[in-house]
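Going by the order they are written in, the chains are A, B, C, D and E; count residues from 1 in each one.
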């Protein structure tokens, strides 16, 4: 087994637009080990989706490298070898648009099977049924339905089944539950956890919900304006948040019990809005909203620093474990 | 007497396939100065409830089948056009879920705000506000919401603003005139947590300041906990549980509420339950009796026959479930 | 305040230049704006007009001398002289268009201020008559308005461009504006040499001061216009039968019969299947003459031949009686070389787009030939295409319907000669490939050198059955030309069976009193 | 194995049947659309059986009877007779045949290329492929179709075939643009992306993923366009560029009859009404289809 | 904005270039000899040959096109073989008449269509809505030439209420040409009576032309009013107690009118097509009739010019529509400004 299943090095993606150059991702690096669930968290517009799309090959990156199982795949999807396409799948945020409304679930599921020649055409039907059973949908009932006839959660399950059809090892989940109700979300999250265990999957789980991360991720990465601010193993992350932005996010979460309330860092009051990625503030991009900002923050762009095993932070002001 | 009282409201939609019976004897009360939350999953009829109260349901397809909505004792559903207009101008106000959708994209923020003030505060003759007063009031209203640089914002079109700013404009529109009751339909659902936090704090402040009663609708238990004193849980067009927010969140009674609470991911990281089996019923042919019974783990024969009344389980805490019949 | 204006609908005048004018509608304009050398008379001969007298010089009919009327004024106020006439003839012949074809090469020489000589290539007994379509222009004016560069060297375009929107004539009316193809405005020329006497006219009938020619072909709209008083006179006569009935029954409107025209369907004797004489005869027998004439019965009659029955020298031709005879048609068809493959044959019939009666003839033919198992394709291309097709034998359809007013030619022999003798221009009036029988040509030619009019007539009577025997054309019926006009329009004073004189508005008057009474 | 296959097929059929039933249900909610459909069916049947149901089928071919010309409507001639004595009713029914034929041929020839080009352009949105296709389309759309059709038919010789050819030549760009609009907005939908990422071929994406989503607007437009093409055909023949006699052609009949208007009104009014009726019917059905395809809110 | 307009103009020029190539090649490819057409059927073979050289017909197609486009650049569209005048002269004469007709028809359709659409949309499902729906269906289904014939028959022949044909009574002295619009010119010349007469002549053809567009625009306006009525922002305006008149004529109308205007721009093509037929019926001495006549007469130069002029007009109209819309719709304006 290779050391890392996915490794992203200095990935940058810029979009030229009318308003100027959008730096959607600005030099991010992270590594995922097999079996990992990396939670990528950040506000809207911070570049989470773009990261996932670069990995899956929707755009070629502006610079930087993406290594999948040791193989460079930093090209657009149509130049990638087929086996990579099957091995690296994605589930999108919007269950409404990720299934073709004019095709039955059977037709939808058959596409990856046919493209990747999984099984013979004869046992494909059985295979599709198995896939549906795997995501806990009664196959005979659902195979012949159109997406519009089923609920949002079920659509997401079908999308998941489709992603799993080619036996991938890495699945990118781009906010798979943000459009769903909590009760449905719970079901899907449990399903994801179970499948990861059963199928030995690795997830890159994108979300903006930190409390959800607490429950699924093994590591959490915080993203702000195209840059990573902090990466840490989940427990460490929630118990010792370091970056002011992390703290601000944590303190903003509405919670339902007093125990949770106690976990929120109360000093960090949220303020301001994420700036436009066209004119990113100079220096530390977060300084305009930072409650702990110092004089140098407006000029000095901080480096990534490992402050504990597996805990990386990008802040000018962190001066040691007790330095706060 | 309650400020607002919704009694046994039944509302449906007539569509091609038939009649969607959405609201099913929904009940709701808001007292003067009280802040009430209404929580429910997607499609359970929250917006329908608010729109009924504001009497802006699109008819057709919507139809109010029965029920009363009493505002200070007067039935909104049977009010004259004049009456409802005055009510909207002086008593009730609202914020809707999607800030982009609820601002007219064709006009500047200033134009819309000014017209609202002109029409609601205008009055006649001497009571009328001068142009300058209106302008000043608009800017003040924007300023109150914590909007930076309100003078500039007045000249902006909604599409030039970010989501958070738009929602602030909506709040300014809603609170620019003295209203007694604010109906907020998922005011922060589409926003980031940090922005949501800011907006809710601001709203909290303003409401406190003006002494407005609030009915806030959301699907986030956390938001309700931060903001309200009392809350209702809604399921498929019916209220299933109500009580003081603290009590209810600490000890949910209805199986549905319990299932919901267990599904909420916690910061403590205790894991997530399996959620509630099944999904929200089809309103074309809703289940008989308790609408939750097909998904309920404690289902009893009686549940399938008649809808349960409210049973008290604590001070001001009532539940519509036969489990608590005794 | 009734306006002394007449609004007249004609076909689109495109060119108002005497050297290029050729069509009826051009001729209509010519007679109003210019004056011909000689003027046609009701009896089919010509009388003095610009020329007061003429005679052949030498005995061989190739040299003619014309004496000009003195005191004829151009619209510019200058007097017409032999110089102008000679210039006009040279221009006419050099440009070689319009009605110049039948003249051949003519050389003009000025003898003195009022005398001009014309030398011809071939003897022509009828040369003076052909000058009824020769309209002198004012030399000085034309030369002053020549546009360079053109096809005629120093003479540039010979004034063609300028003359299309101006006139340089001596006619009763002066062109004011002309939008080619759309509208022509003219006012009365008080200095017109023929004068504006009231003789023969009623007390309230006065000359028309202003003429407006409009050019519309949509008879629905024209009907509306006529009924609302917006139109005074319609001279193309494209009315449908119900419309004619309607006009007749309207007390405010009148219908004037002017002359009859010969509806003629040419058959192209050079292309299959009409190259077979039997096939052509089969068509003549198959055609249902009675049916197609039916609607026109109130206005005309079905009897006709190569020339019209009321003209001197008329001889009835086959088939007689003029009725459908399918039996004979089948016999003829069986004799033709196409007898065995009738199924593969398509007979192409073209008419001038928009003319219902011409289409009806085609439809009748179609229905009749269908009974014999022959397909007829009926199409109505617009006039320019329809007429241009006939410039060569290959492009001419099997059958082309055309309205001939044999009277439109100065004399009947002019008509027959140009129609059946070789050397024609290769266009719809004179499609010479229709036939070339040496005996016939020789007979035709000899008539040109025959000074005696009566002998000429005899020859023509002899000629007609010979021509008819070849079945070169189908003559369905004669169609009356009917001018619809407001009742307060009076005329024409003199019914001359010749295109031009009847539309010469010098020949018409307007009753202003009646017009006012009519409220128009 | 076989059993499974059969079950599979049966399920697919059931699905299709359910879809049709639902479509019909929605369609039938609008009584006007149903009326339109009934009218259309009657017209189609009538044209199909024209030779049997019309009183004088011969009148649609080479036929004249001047004695019976211009007769007002009567039991013998429902719509009267025209100027050469043909039964107007018979000719109207046969006229429908050519109108429908025109519509079918034009759409048949025009839709497929337009749709394919539109799909390709939509899929390659933002590239030179799109630019090329759409600019060419723009060229064809830069002039009113009637004008180009007139120009083309005028330059060729007027006949039904040329008329069809000219209109078909002009029709594909409309579909190209329509399909482009739909497919390019679909381009970034996740289901298209997903198909790409999983390695499906371009043909699959164009015809299996995108095309089904364009069918609704295409079908609706086709129905509405039938009306427009018929109208265009009528206009062309009104100007005199339509089918050649004796082919019964509704536009020609109107133009012909108009010359006899006050008197023989029937020879223009009935063909005109016939045109109105068939266009109206297509419009009603088109609107009904729009309802059928309208996005469901539930 | 200026940049956008510039861009659009450049784009239109490309399109028109393509269009000219298309129509020019069609005109040259089809059978027929343009030289003979230009000279008329009386010309001799020599003259035709000379003309062929003059018209560059002896050269390969691209060269022919090159000469043609070069002449066009110099404002020379060639000579019409039908009127035997420079095509530009013809166009200058005929275009204003058609523009007058079309603009007036647009005005009529705008006024009636909007009123009908707004009322029907606001009072949807009322009897008026039903009636307007019926009218729309009939309007859309009835060819404008049929309407033109019927209206003319009824109003000029039966009721004698309206003049029948042309722009002015034939003998009425037209006012001196300034704009080419009869009504305007008369007013400019101070001839009020002439102006009224001209307006009277304009009425029937313009109305025949407008009917189908009234129907179309009424329908679009109705549906966009209905759509907007269901929008959250209108609900919100209501909730905030905005006066009904303000709500309808300001907040509802502005967004609702935009699709109508877009459709009007696209429908301009149909307006021009229909003008072809209506002008024929009403003897309107306009561009469209000229176009039909030249086409029927295979007048190639004129035909190419006609098509290109139509293309230019259409492009300009759509550009104008675009500008109007961006004027009405700030979101588009903002987008284009790139801010």
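Keep in mind that, in the parts below, contacts are C-beta pairs under 8 Å (C-beta built on N, C-alpha and C of every residue); 3 or more make two chains touch, one makes a residue touch a chain.
Predicted, not measured: the structure shown is a model, and the values here were computed from it.
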Required minimum of steps from subunit A to subunit D, each step between chains that touch: 1
Contact-graph separation of subunit B and subunit C, given in steps at minimum: 2
Geometric centre distance via CA averages, subunit E-subunit A, whole Å: 55
Distance from subunit C to subunit A - Cα centre to Cα centre, in angstrom: 91
Approximate Å spacing (C-alpha centroids) for the pair subunit D, subunit E: 24
Intercentroid distance (Cα basis), subunit E paired with subunit B, Å: 52
Shared interface positions of subunit C, touching two or more other chains: 220, 223, 353, 382
Shared interface positions of subunit E, touching two or more other chains: 149, 157, 280-281, 296, 298, 339
Sites on subunit B at which at least two other chains make contact: none
Contacting residues of subunit A [partner subunit B, same complex]: 43-44, 151-154, 181-187, 189-190, 208-212, 214-215, 234-235, 238, 248-257, 259-260, 263-264, 270-271, 273-274
Residues on subunit C engaged by subunit E in the complex (per definition of touch): 3, 5, 7, 14-15, 20, 22, 96-98, 151, 164, 179-183, 210, 212, 214, 216, 218, 220-221, 223-225, 227-228, 230-231, 353, 382-385, 387-388, 390-391, 425, 427-428
Residue numbers on subunit D that touch subunit E, as the complex places them: 32, 135-136, 138-140, 142-148, 150-152, 154-156, 227, 231, 234-235, 238-241, 251, 254-255, 258, 261-262, 268, 272, 275-277, 279-280, 283-284
Residue ranges of subunit D touching subunit C (in the complex, touch as defined): 61-67, 69-70, 83-84, 157-159, 240, 244-246, 256, 258-264
Parts of subunit D lying in touch with subunit A, wherever the complex brings them together: 1, 4-5, 8, 11-12, 14-15, 189-191, 193-201, 204, 208-209, 212-213, 215, 296
